[in-house]
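Below are two complexes that have chain A in common, paired first with chain B and then with chain C.
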Partner chain A sequence: MSEKLLLLNDLHSFADALIKSGFSVVAPSKGPGPSRFRRIGSASELLMPDVNTEIPPKEHLFPPTEPLLFFRFHGTDVELLDPPLPAEETVFLGLRPCDAAGIALLDAVFLADPKDSFYEARRSKTTLVSVACTKVGENCFCSAVGLSPHSRTGSDVLLIPVEGGFLTEAVTEKGRTLLEKHSGLFQPTDASTPKPPEVPRSAAPEGLDKDFAELFAAPYWQDAAKRCLGCGACASVCPTCHCFDIVDDSGARGGVRLRCWDACGLELFTRHASGHNPRPNQPARFRQRLLHKFAYSRKSLGRPLCVGCGRCVDTCPVGMDIYEVAVLMSQGV
Partner chain B sequence: MENAYKPHLVTIESIRDETPDVRTLRLAFRDPEVAESFTFRAGQFAEYSVFGEGECVFCIASPPTRHGYVECSFKLMGKVTSALRDMEVGDVIGFRGPYGNWFPIEEFFGHNMLFIGGGIGMAPVRSILLNCLDLRDQFREITILNGARSVADIVYKEEVAEWQKRPDITCVCTVDPGGEDPSWTGEIGFIPTVLEKMAPSAEDTYAVLCGPPIMIKLTLQVLEKLGFPPERVYTTLENKMKCGFGKCGRCNVGPVYVCKDGPVFTAAQLQQLPPDF
Partner chain C sequence: MADTWEPRIVAFVCNWCTYAGADLAGTSRRTYAPNVRIVRLPCSGRIDPRFILRALEMGADGVLVSGCHPGDCHYTKGNYYARRRYIVFNSLLDFLGIEPDRVRFAWVSAAEGGKWAELVDLTVQAVRALGPLKLFSQEASLPPELEPIEPQKPQSTAPDPRQELALRQTAREMLASGEVELVVGYGRTSFGKVVPFFASSPEQAEELVWNDMCVHNLTTYLTGERPAATGKVAVVVKGCDARAAVGLIQEGQLDRERVKLIGMECHGVQSECGQVADKCTACEVTTPHLCDVLIASDGSVWKTNEAASTPTRFPASDALRSEVQRIASLPREQRLAFWRSELSRCVRCYACRAVCPLCYCQTCAADRTRPQYVTPGCDWRGAFSWGVTRALHVAGRCVGCGECVRACPQGIRLDILQAFLADVVARELGYVAGTNPEALPPLSTFRPDDRQDFIL
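Right after this comes the complex of A and B.
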C-alpha cells in the first residue's frame, strides 16, 4: 500500500466499516452541549465541524475523573483492588492534526518511564485517523508552534479532503494495518496533495528555550495577567494540559482513589498545607502556564506544550489570548 | 501492566512524638517479599496514604543502612496528616515509593560533612546524616546544626542528645530568639546567624541543608559567604506533589519536576531555576 489512496465517498462509510469490524469508534458527533468526541454506534451520529470541536478528544484517553484504586476496609485491615483496564480496540476518527499532535504530547508525558498504566492501556489500543483542515479557525495558530493544517505528528492515518473523497496516507505501521484491513474502501489515485490553508496567526515564538530567569522576571506578566480570573477554563479545553490531583472518596466499608484534572491557574494548585504558596497570585500562576507551555517544555520535551488549536482563546471568559502573549515573550520587552 | 499508583501496605510498628505537632512513624511492609526487596537511597521520598483521606508526601526519614523498616516524620498540618495522627500502632497505611533522586553519598566519602536542619526540615537531613553516621569511617569531621522555633519544637531530641555526647561529632542546637526556656543551654538565634558565628571551614566540606523556604534562602547566602562552592551545597525541595513520578505537573519549577529531577538539588542547580518554589 505504498501508492496514494483515495477514500471514496465520505467518512461515514469508513466509520461504519470500522464499527462493523469491531472497533469502538470515537468521533465528533451530534449531541447536547459543546461539540466533542463521543463513542458512536453508527455513522449517522457523525458530525464533522468545519474546524475544531469545542472539546478535544483528550478526555477519551485521560478522563476528567478516573479511579486509580479501590479499597475495602475489613476491620483495621485494608484490601486494595485495581480498577479494570479498557480492553476495546478504538479508532479516533476525524480528529484534526492539532489534536493528534496534542496526543503525541500527552504520550511524551504519560508514556515516559514509569508509564502511566491507565493512559497506556487506552493509548496502546487506540489508532488515530486525522482529517486535515481545509478551513482555519478564527483563533487557530498551529503554524506558530511548528505544526500545520496538514501535520502528520501523532496521526496513524491522515485523510486530506480532495475532490471526490479523501487522499489517504498511512503515517505509521499501525495506520497501515488499519487501512489494509479495510482496503475495499480505497482505490489508487494520482491526485496531487492540495496545499494546506494559510494560518494567519503564525508568528513562531522563537528563542524561548533558554534564559528562563529573564523570561520569568520579564516586566509584562502583571499586565498580561491582569484580566485572568483563575477559572481554569483554558486548561479544561486544552488538548495538552495534563495536570491532575489525586483524592480519596470513601464510606464506612471502603472507597475509591480518584484522579481529577487540575490546573496550574487555580489557586490551590501549589498551596502547601502550611499556607505557603510559591505562586501566591494570579500573575504568578498565569506566568507558570505560559512558561511551561512555551519555554520550559522546549527544554524538557524538546517542543512547545501547545498545538495552537486556539480553544483556550475561544473559551476564555475574558478574552485572553495565549498566542499574543507567546509573541510578546519571544519579542522580549 | 503494573498500576503505578497502587501503594504497598505498611503496618505502623511504633509511634514517637518528636514535638507537640511532629510525629515519627516506623513502618513495616506487610508483604514479606516487598520487605525483603525494598531498597532506597537517602534523600528519596514517598507518598503515604490513609485510605479514605488521601495521600501526602514526605521524605523517608530513616537511613537505607537500617533494614526492615522505613520511618517518616510529619507535622500536623492538613487533612491527611490529621488522619495520620489518629492512626495507632498496628494500623495499616499505604506507601508508594521510593521516588526522586538522592544525596550522592559516595561523592561525600572522604570529606567533612556539615548538616543543617531547621524544624521538620531535619527529617530528610536525618536520613543522610544517619546514613553517614552508620558509615562513620568514610567521613572526616561531621558537624550538625539543628534549629527549631522553640525548645519544645526540636525534633529527634533523643538522637540530638546522643550526637552531642559523641566525641566524633560536633552538634550544635539552636532555638529562635524567644523560643528558649530557663533550662536551655544551647544557642539562641536563627540558623543563618548561628551558622555565621560557628563559621565552619568550607575546605573539603559538603553541606546538606533543609528547612523552611526562608531559612534555606538565608542559609545559602551564609554558606556562600563562608566560601562553600554551590556545587558542594545540597538541599532538598519539598514541593506539593501528587503522583511522585513526573505526571501530575504540580511540582514543576522551571524546566524541572522536583519529583523526578529532585528533590535533591545543589545550590548551583537551584541558581539555574526561576525563584518559583
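Right after this comes the complex of A and C.
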C-alpha cells in the first residue's frame, strides 16, 4: 500500500494547480446559506468543514432543475432543440467518502442501461477527489451501511489527512492520471511519513444488512411515520435520492421541458390523474422511502441506497431519524 | 436589439368598467400606444397577484391592473378587496427590488375612454424609461456581501418538571374521560430526541414530554390529512403556537368543539444546541392567549387564562427587524440581487409549505398544472415564482412561528420576507396575525377608506 501513497502538503495548492491546468473545480466553499459545494475560482474560496457539508454535491451532477429539451412552435410545426451540455473537465475536490459513495450509487442508477445522457455528460468529465474523515458528525452512520470514514468507494483519489499533509492514494485509473498531471505537488512517501491515523468509528453498529422486505405489512409504520409531515426536505438533501418529475414550462411560442427533483415522501408523487393514490397516507410514503433505501435497493443494486451521511436526520423538522428506524427495522420491529 | 425593443405591457382589466372604457377609447377613435395586451376578467377582485407575477415571469416588461372606481363595483365590493391586496403586493415588489412603476394600478370607469388611453400611454412611457425587465436576465449582479446579523441567543432554561407532570395528568384525564381521543404533544424517540408525539391512551399520556426542546408548532397536525385532522383531539400549544390556532379559527379550519388547546406557559424553547430560538427573544405570549386548559410554570392547572394578554406585534426579534431594515435600505439593484441569491437556492421541496400550520390548502396553487399558476422548476424564474407566491399567500396570516425557516434545508430567509409583510399589514391594514379569533383575516375584508394613493 505504501508505494502507491504520495504526500500532498496542502489542499489549497492542489486546488490552485487544478484550476490553473484548466479544470473546473467544485469544492466546499464560503457562500450564503448552508455549507455546500460550489465552483470555485481560486483556492482561497475553499472552506472544508470538519464533517460533511450540509448539502451534498449531487446537485452538480443531477441539478434540481435541468432542461431536457427546448421547443419552438412554428405554425403547426414544432422545432426541438437540445440543451447545451457541459464541456468542462471538472474535479470535485474535498468530497467526504460518503459523498463519493453517494455518487457511486447515482452512477449505478443513471449509468445503467439505458444510460441517462444528461447525467453521463457531466459524470464522464468528472473526477472525484475525496478527503477521509477525521471526525464523526453528530448523525453520521456510514459504518452501518458498509462504508467507513476512510472508504474508497466511488472516489478516484483519496486523501487521508496526516500531520503536515495528506497521504494520497490513486484509487482508479482516472485518479492516477490526475495525480500524474500534477506530480510536482506530491512527494513519495518513506519511513518518516506519518502513518495514517486510526479510522474514527461512527457510533453506529454494523449490520443493517437484513432483508427488510417482509416488514412491508408491519403495523409499525403507522406508528413510526405518524409525525412525518411529508415535506420532502430529506430527499432534497439526500446524496442518493434521484427521483424526478418532468414538467413543461411553455408559452405561446414555445418553451422548455424540465426535469425537476421529486420525492416519494410527497403526496403528489404517486397520485394518479384520477385522484387515486396508491400510497394513500404518509406512513405508506415514509415506508416506501425506508424500504427503497434498505430493502428494494439490495435487490436492484445489491447494496443499500443510503450512505449514512446523516443529512436527512439533521434536516428533518420533526426529528425523523432514518438510522433509528433502520435499527428498529433490523430488530424486526 | 436595444433600439428595436418595445415595452410589452399586459393589462388585466375588469369586464364592467375598464374593459368598457377601453372599448370606448376605441370607438371614440382615441389613439394610444399599441404595446398593451388586454386580459379581461370579471372583476378587479379576481385579478390575483399571481397573474401579475406570471405575466412578468413570462416576459412582460410591465403590467397594468384596472377596475371600477370605489363604489362602482358591479359586484359591490370586489375592487375594495383588490385594493387591499395591492397595497401588500406593491410593497412586496418594491422590497424585492422590482421597480414599482412596472406594475401600475388604476381605476377606469366605462365612461373614461380618455383616461384609459392616457393611462396606457403613461405606462408605456414609464416602462420605456425603465428599459426591459431584467428580472430574469442571465447575468445577475453579485449579491451584497452582508455579514449575518447575529441574533442575541441566550441559553434556554429547562422548565419546572412539575409542569410536565401536570401536562401528563391533564392529558391522561382527557383521554380517560373520553373528552378527546388523541393528544398531540411532545415525546421522545428511542434515541432520546424530542419530537411531536401522539398519545391515544391514558398510558401513552405518561410518555408526554415538556421541556425547552419543544420547538415544533403542533397545530400543523390539525388540518389536511394529518393525524389530528379529524376526531376529538387535544393539542399542546405554546403561546406562539396558539397564534396559529387563532389563524385557523379565523379561517374556519379549526372547530373549537373538536379541538381542545392545552396551553403551556413557556419561557423559551431551543432552536439549536441550548440556545433560545430567535422568535422567543421577541415573545409576548409566555402564557398562551387562547387555550382551554392552561398549565402554568409551577404545574398548576387553570381552566381560564385571564392572566394572558393578547399579543400586539409580529414576533420578530431585534436581529430580524434589523435584517428587514437593512434589506429595505439597500439600493434597489442590491435588494434584487440579495433576493435572487436567497430564493435561487430553493429546490422546491416544499418543506416550508408542509410545516406551515396555515398552509392547509387541499391543492396548492404550485401543484396545479392546468392552469399552471406557478412557473415550474427551481431555476431563478421558478424559485421567484414559488417564493413570492407563497410569501403573498401567507401575508397577513403568518404568525411568525418560524417553522418554515427551521424546516428549509436551504436556509432561505423566509422570515425576512414575512416580517416585512407583517409590518406592512400592521401599518396599512391595522392587523397583527394570530391575535383575534373573531376578526376577519385582513385580506378577506376591507375598509372603505383603505389607502389608495398609489392607484392612478
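The criterion applied here is as follows: the second predicted complex is superposed on the first by the 302 of 333 C-alpha atoms of A that agree within 3 Å, B and C clash if a C-alpha of one lies under 4 Å from a C-alpha of the other, contacts with A are read in each partner's own complex, and residues count from 1 in each chain.
Heads up, the rule we're going with is that contacts are C-beta pairs under 8 Å (C-beta built on N, C-alpha and C of every residue); 3 or more make two chains touch, one makes a residue touch a chain.
Remember, it's a predicted structure, so these values are computed and weren't measured experimentally.
Enquirer: Determine, for the superposed arrangement built on chain A, whether chain B and chain C clash or fit.
Expert: Fit.
Enquirer: With the two structures laid over each other on chain A, which partner does A:W261 touch: chain B (first), chain C (second), both, or neither?
Expert: second
Enquirer: In the superposed arrangement, which partner chain does A:A233 touch: chain B (first), chain C (second), both, or neither?
Expert: Only chain C; A:A233 stays clear of chain B.
Enquirer: Where does A:A108 make contact in the superposed view: on chain B (first), on chain C (second), on both, or on neither?
Expert: In the superposition, A:A108 touches no partner, neither chain B nor chain C.
Enquirer: Rounded to a multiple of 10, tell me what angle the C-alpha centres of chain B and chain C make at the one for chain A, in degrees.
Expert: 80
Enquirer: Looking at the overlay, does A:V247 come into contact with chain B only (first), chain C only (second), both, or neither?
Expert: Touch partners of A:V247: chain B and chain C.
Enquirer: Quick check on the superposed pair: does A:T65 touch chain B, chain C, both, or neither? Answer first, second, both or neither.
Expert: In the superposition, A:T65 contacts chain C only.
Enquirer: Touching A:L47, do we find chain B (first), chain C (second), both, or neither?
Expert: In the superposition, A:L47 touches no partner, neither chain B nor chain C.
Enquirer: More residues of chain A are touched by which partner: chain B or chain C?
Expert: B
Enquirer: Could you tell me if A:G319 is touching chain B, chain C, both of them or neither one (first, second, both, neither)?
Expert: Second partner only, chain C.
Enquirer: Who does A:G33 touch here: chain B (first), chain C (second), both, or neither?
Expert: The second partner, chain C, only.
Enquirer: Just how close are chain B and chain C at their nearest CA atoms in the overlay, in Å?
Expert: 5
Enquirer: Following superposition on chain A, which residues of chain A contact chain B and also contact chain C?
Expert: The overlap between the chain B and chain C interfaces on chain A comprises residues 247-248.
Enquirer: Quick one: in the complex, what on chain A touches chain B?
Expert: Listed in rising order, the residues of chain A that touch chain B are 68-69, 71, 73, 76-78, 80, 82, 85, 109-110, 112, 114-118, 120-121, 212-213, 216, 242-248, 250, 255, 257, 259, 262, 264, 269-274, 276, 278-279, 284, 288, 291-292, 295-297, 299-300.
Enquirer: For chain A, which residues are in contact with chain C within the complex?
Expert: It comes out as residues 32-34, 54-55, 59, 64-65, 226-227, 229-233, 235-237, 247-249, 251, 258, 260-261, 263, 266-268, 281-282, 315, 317-321, 324, 328.
Enquirer: Show which residues of chain B lie in contact with chain A when the two form their complex.
Expert: Residue positions touching the partner: 1-7, 9, 49, 51-56, 77-79, 81, 90-92, 94, 212-213, 239-240, 242-243, 245-250, 252-257, 272-277.
Enquirer: Quick one: which bits of chain C touch chain A in the complex? Just the residue numbers, please.
Expert: Listed in rising order, the residues are 58-59, 143, 189-191, 193-198, 216, 220-221, 225-227, 341-342, 345, 347-351, 353-355, 367, 369, 372, 375-379, 382, 403, 406-412.
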